[in-house]
């Protein structure tokens, strides 16, 4: 936030340069939202869970959920919708939950972590929601694949091992929240 | 349950005669579900609440919510869907919530009541859900009117006074649950 | 409910004879409460879960949670407290949760079950709560043992296999609800 | 974060200078926790709500709740406990809730606000919890008064008007969450 210290007018308030964001991430908890996209049947039972399959900078593949930062002056709901559209496309027809209360709050810390959840870039406080989607979904370019798994598949040891930073927990918590009986 | 005492085979297990139901209601808490139908915008904010406007046996008009008994061997979700279709029609396209946890449990007692909620027919334990609907709704025959009110209208003293048995509380709790800021 | 059919005054309204309860259980969903007793540390993290270890009529041992029926005209909270005191003793100092909303609703059906949860005596709709206890607990006479397990122990395959009727799911859901990261 | 741009070692990582915090508050949503302290009876019903009565820089009195920022690398629970102890003293014996899910998320924006909640210093994303306290509470020096009000008093128009920035909503939502029937 270098030059900001003199408090000159800012042509772009609410935006951080890459460098300033890098620094902020080492000084403040960053607000995130995470969405577990689900397909529901007519009775509201979860039939499928959407997961992203992507690669990190080293080319290692891993699974993840819809996730992203809340911007300055952006509402939680607007951030949720923005990240869902970014990751699932604009035809996903997500049904954002009527209640603003997340089913859990995931706290990611730089390693070593007090919570078991790790994000080496930052301390993130992430509000997690189960989001039914009823439309057509298509993963964005940089996510290699969007796959829909049954709850049973999503809880399999094989799939759970493909998440990073403890995010497999989020899947388990989401399924417990929706009352899935394994 | 008169004749059942001899435990003869029952041609219709799981169904109670009117008289037996009358008696059961004076001996056991009865499981109910209640649904607050809502219209949501693209961000998940509640824009309208659906309310039924009906009349009791004496011709007195009052407002109420979608409500009904859970039958023997019926799931909560099946009962919710059945009562929503009964009261809002089969084209309502309700989105039953992914979580089985109600936003509140309303306990109706014969007067005088410990909870402030009254149902003179019975002790009812009612699981209450906010249910987004996106289709066409039409009140069933014996409900005179289905009206969609804004949250502000629904909380007005005038509308709140038109509920019976304390059910206006359910509207207030539902709106608080969805984070409505008055 | 045999004699009740003539609607003579009832010296003991709100109580069912054993036989009438037997019949009601085959005709109506029965309201239950279940409590998962937990020990919390100063920050509210669950350190231990209380489980009952008991035997069925055939002498088979199994684990279970605090559980029981809600009586006619009894509030959910009064039923919770009554069953906790019955199973953990009167010195347990349970802290009933401020919200009436259960963390899940467990639906037990006679076999075969739509939900995976089974109770061969009845269709039970059970409101489940996590209840912190801070006092001295001692199992009642007919429960052989009250044991306190860590979340990790409670989730072990060995312990999970010792529950009946799918109640091990309740433990998993309760731990997911409290944010336990395994 | 001026000097940080050169990424020299930081003697005090995780702390922001007053000036840097001032700037961050204009660029990033800030993570807050808010606690509504309550007294519960043996059945878990809320009998009293604790409110702080304080004055702003201009000497205007207003009511508020326990509230404060989550620090870098601090858990939500640790922040909650720290702010409760700061505002209610070290003998309050708060019982932090077993679930990490807040009953609501309050989003405060600099005026004009999309949510109706206002904080002219910043965009705050605040996780709100109902926290039972069983010990002795005493307001810290700079809060003039800690008062315990019944739910009915807390919802009175007079008391509701004494909050700033829309925080009276939090009281209403908290009481709806605990099932208070007015």
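Each chain carries a letter (A, B, C and D) given by its place in the written order, and its residues are counted from 1.
In the analysis below, a residue touches a chain if its C-beta (ideal position, glycine included) is under 8 Å from a C-beta of that chain, and two chains touch if they have at least 3 such contacts.
For clarity, every value in this text was computed on a predicted model and none was experimentally measured.
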item: Where chain C and chain D overlap in contact partners, by chain label; value: A, B
item: Winner on C-beta contact pairs when B-D is weighed against B-C; value: B-C
item: Same-residue or different-residue interface between chain A and chain C, half as cut-off; value: same
item: Centroid distance [mean C-alpha coordinates] between chain C and chain B, Å; value: 26
item: Distance between the centres, which are taken as Cα means, of chain D and chain B, whole angstrom; value: 35
item: In chain D, residues with contacts to at least two other chains; value: 75, 99-101, 103-105, 115, 177, 179
item: Parts of chain D lying in touch with chain C, wherever the complex brings them together; value: 38, 40, 42-46, 75, 77-78, 81, 95-101, 103, 130, 132, 177-179
item: Complex contact set, residues of chain C against chain B; value: 1-2, 4-5, 7, 10, 13-16, 19-20, 23-24, 26-31, 70-76, 99-105, 107, 109-110, 114-115, 123, 125, 127
item: Chain A-facing residues of chain C, complex; value: 104-105, 115-117, 166, 169, 172-173, 175-177, 179, 181-182
